[in-house]
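In order of appearance the chains are A, B, C and D, and numbering begins at 1 in each one.
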Amino acid sequence: MAYTRIHGVLPPMITPFKENGDVDYDAFVFNLHRFNEARLAGCLVIGSNSETAFLSEEEKLELVRLTVENTAPGRQILVGTGLDSVRETIKLTNACAHLGADAALVLTPSYYSDAMGTRNLVRYFTEVADHSDIPILVYNVTKYTHVNVTAEAIAELSRHPNIVGMKDSNGNVPQLATELRVADPSFQVMTGTFGAWYPALTMGITGIISAMANCCPDPIAEVQSLYDAGKLNEALALYQRWFPVNAAVTGKYGIAGLKYTADRCGFRGGFVRNPLLDSTAQEKKELDAILAAAMQ
Amino acid sequence: MAYTRIHGVLPPMITPFKENGDVDYDAFVFNLHRFNEARLAGCLVIGSNSETAFLSEEEKLELVRLTVENTAPGRQILVGTGLDSVRETIKLTNACAHLGADAALVLTPSYYSDAMGTRNLVRYFTEVADHSDIPILVYNVTKYTHVNVTAEAIAELSRHPNIVGMKDSNGNVPQLATELRVADPSFQVMTGTFGAWYPALTMGITGIISAMANCCPDPIAEVQSLYDAGKLNEALALYQRWFPVNAAVTGKYGIAGLKYTADRCGFRGGFVRNPLLDSTAQEKKELDAILAAAMQ
Amino acid sequence: MAYTRIHGVLPPMITPFKENGDVDYDAFVFNLHRFNEARLAGCLVIGSNSETAFLSEEEKLELVRLTVENTAPGRQILVGTGLDSVRETIKLTNACAHLGADAALVLTPSYYSDAMGTRNLVRYFTEVADHSDIPILVYNVTKYTHVNVTAEAIAELSRHPNIVGMKDSNGNVPQLATELRVADPSFQVMTGTFGAWYPALTMGITGIISAMANCCPDPIAEVQSLYDAGKLNEALALYQRWFPVNAAVTGKYGIAGLKYTADRCGFRGGFVRNPLLDSTAQEKKELDAILAAAMQ
Amino acid sequence: MAYTRIHGVLPPMITPFKENGDVDYDAFVFNLHRFNEARLAGCLVIGSNSETAFLSEEEKLELVRLTVENTAPGRQILVGTGLDSVRETIKLTNACAHLGADAALVLTPSYYSDAMGTRNLVRYFTEVADHSDIPILVYNVTKYTHVNVTAEAIAELSRHPNIVGMKDSNGNVPQLATELRVADPSFQVMTGTFGAWYPALTMGITGIISAMANCCPDPIAEVQSLYDAGKLNEALALYQRWFPVNAAVTGKYGIAGLKYTADRCGFRGGFVRNPLLDSTAQEKKELDAILAAAMQ
């Protein structure tokens, strides 16, 4: 299908690895089928939570191919194709487009993070968008990139015909308000973390790409349904109940903790790849307690 | 009056200085009378926006005395009394209590910022609260202190009978959500910046101490009134309209910019004290344009 | 005596407290007498390591008075008098001058750290120096102040007749090289940490104000003596041997660790003041091992 | 030739681009021949200053091939092969080894910078070193990676038979002292910036990989020669004279400024690649003045 404005939840899918470090494609497909049963608007493959930085180009394309093949019809498939190199980004984006991806979520270049001002980001995203066969979205995630996309850059990029939106994972709600204010009305601002989900909804944001959706997609969707139905207090209470789970799997316990929690919730998390380290027994115990508290 | 839970807006009052660096008490009293006509729930004196770090103890107490003398009845008077020294903080708090202040907003100690963990903050605020003649509120403002009060500290301190609330100026809405979740229900979480005001309201926060209230108190109160009346879209639109003014007077243009804008809005801003620098002609022109855009 | 260029080591003296939090003046005087026997060029009182942020004005002046009274003749007495307020800084500096201090080490103002650019610092230090009865030195310690004095500020301030030098505690040796290059030749650059002592010596720096001098002054002086005698390899080896002790008492274990180590070395460290916390048994054990390794 | 301990200077070579963004291989070879005439111990290709993040794998290998083909005999050729992925790093390292590179300088993985603790780095470098056909060196450059290799990691990695040294570009001289103290004696610590060169020499460091060597290699070598000859004051004076040039081309003016300065010094800098921006006319004027001051 073609890209359309998103109303709902997308998981930035984890990549399960075998103990020897190979990608566990069977586990990945298993997760895709489980996602098809969940209340999701689509999915993001080869994003930050996919340990994409550790994948070869061949592995990336195989994961995209499997996602297109195994995702229920009517759902959006986004691909995380941003690299520091403009040319490599365009090449990867168009290879994914050819496989059937609907849109590309393009990370800011980050190696020379101190130099990534407004003009640099406008130059980068404009050239990528000019040559991409599918629409692109800007991906702002300062904790990984140490780059923060300015309001001035969003104001300008949001008016490019092939840049249709952004995922802002900083959890900075006043910054989301600024982006909504300065962007072209056609441009979709999405939040990249459940930590900002309820306040984001109250400001008119309707899409979320949340790591926690890898293990617990339905509470995220339910917060949105309650909000849409005007049940604000119930939506806020549910958001508060699941907040600690999100904080755990996106913060202190990292991707290994997210994968362990996915295992506990009926998905197949698998191992992390070197140089990450799998969760310790103590960490698993703490995660169990945090999950149990939310599920009560 | 005694301290009561706040519903509304408090300005953290600027201190006008004369060109020779003396406090301009007349201008300060002028502002107090103007505040009495605005939609405010009270005021904060000798806080961060008062250039308190540049004041002598005598000047601080005279400003408190004048505030008590000139504030309309029924309004809350908060005093910013936090110092690194526990003993000096208690001494100043109780001197202010004697003058008629309702509660003290106590800044986190900050000189040894890297050492200010949960246990240190609990030790500090507990001893201050134990010996204060008026209730205290915790003041968290990481941009000035480089200390961020942990959720664990709030969970514990919020249960102290003489610690009645906090002002969190970080503008971090997920952190506000966390504070609301872990604190005792009797503990009032307030936001310290208009930048977080609309999303804070949607989470049940009803009090704000906002620098922008020194120049433009009524739009802040109006956002709250609209929200309280269920007019969410209008509240959000008004918040978005005044957002750039707040960003200007709390960020790029600093206290000098806040004072200049106060001058433009019928208050008396006065000069800043050394080592701050007054706004340049160019900065004033930019501030005029930002203010004009919001007032259209 | 009057201030003269420093050749040697000064301890930034700790302030011993009793368990009830009062200053233990007897212990302080005991330490002064021990310092008189060590290879020191003088001392600094009411500096960062004195927990000055927790002291009242009366306590500060009493510590200065005792220092003047109990320090061996011919040694320099520096006082740490910098406060955010220019007027309070001048007042305290001149009170110390009246008691017999030789020079004041003036901390950069820091509350509005983001606003402390070159022009602000020049404005501040110029006014302080213009009104001080004793020479002043600039104190740059970014880990506490979050302000870093620029080379441009040093170039200008070093030419003021009453600003005679600086203590740079950042341990940034290329920054020391820059300060030496841009400053007036009459201006003395000192290092504020043993961590930079050997490389500082190789660049012509001859004075150090080192926290480690509170417990182990003689190895610091010996590194300098060996260097002065042309025994570079021996100086470097001794520096390397004591490096871990310095890292421990200025970094991980903080002022409480410094005080404990002072106790172990024949000084009287005493308790820290709230909100700091005394060393745990485990920390003391680790400090013992680090000290023992250097003393072998 | 095989890798040997380095005594001298290596440029981390820039990659000249044409205006259309293609690699200008002719200009690159021109620079190699100019380097052959300079006082250099070898060179580093596809490092941070090569805009490697913007290069395709084919471009990287062609640059390595040309470097091997055009570098004077007896000089060391290092290649910057570190990627977040262990497997991709090994693959690229061994492809470069096959082309004739002497050793690989391996950047720390950085995408999940907050998670890169001692155990993660030991896991990563151990696996890379175990499978590399040439010796590897650890590359620590926190300004780009936001990762700082711990002393504990160096202590352990320096004992691996295939990890022969490191380049530390942080300019943190006390950290260099720590690395020298904890590392195996066979492990070579090099500095990655001229800003730390003189103090590094005084501590026994004999190798430098300096961006400034792309435009001004000889003053760097001359500082070392003077130091080796016991002319310490002359070495220090020369270091101080060239310090501002280094600060300019590694700091404020970035890689575009380095390339412009290379042009001015008889090399061929070429254009930068998107998203970097070429120097403005004003920046070029400032760089001319800084260079002229050092050359007087």
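The definition used in the following text is that a residue touches a chain if its C-beta (ideal position, glycine included) is under 8 Å from a C-beta of that chain, and two chains touch if they have at least 3 such contacts.
Since the structure is predicted, the reported quantities are computational estimates derived from the model, not experimental observations.
Centroid analysis (C-alpha atoms only) places D farthest from chain B.
Over half of the residue numbers found at the chain A and chain B interface occur in both copies, marking it as a same-residue contact.
Mean C-alpha positions place chain C and chain D at a centre distance of 36 Å.
Spacing of chain A relative to chain C, judged by their CA centroids, is 49 angstrom.
Among the residues of chain B, none is in touch with two or more other chains.
Chain contacts here close into one cycle, and each chain has exactly two touching partners. Going by the touch rule set out above, the chain pairs that meet are A-B, A-D, B-C, C-D. Put simply, chain C touches chain B in their complex at residues 21, 48, 53-56, 84-88, 109, 111-116, 119-121, 123-124, 127, 143-144, 146, 254-255, 273-277.
Residues 171-174, 177-178, 180-181, 193, 195-196, 198-199, 202-204, 232, 236, 239-240, 243, 247 of chain D are the ones touching chain C in the complex.
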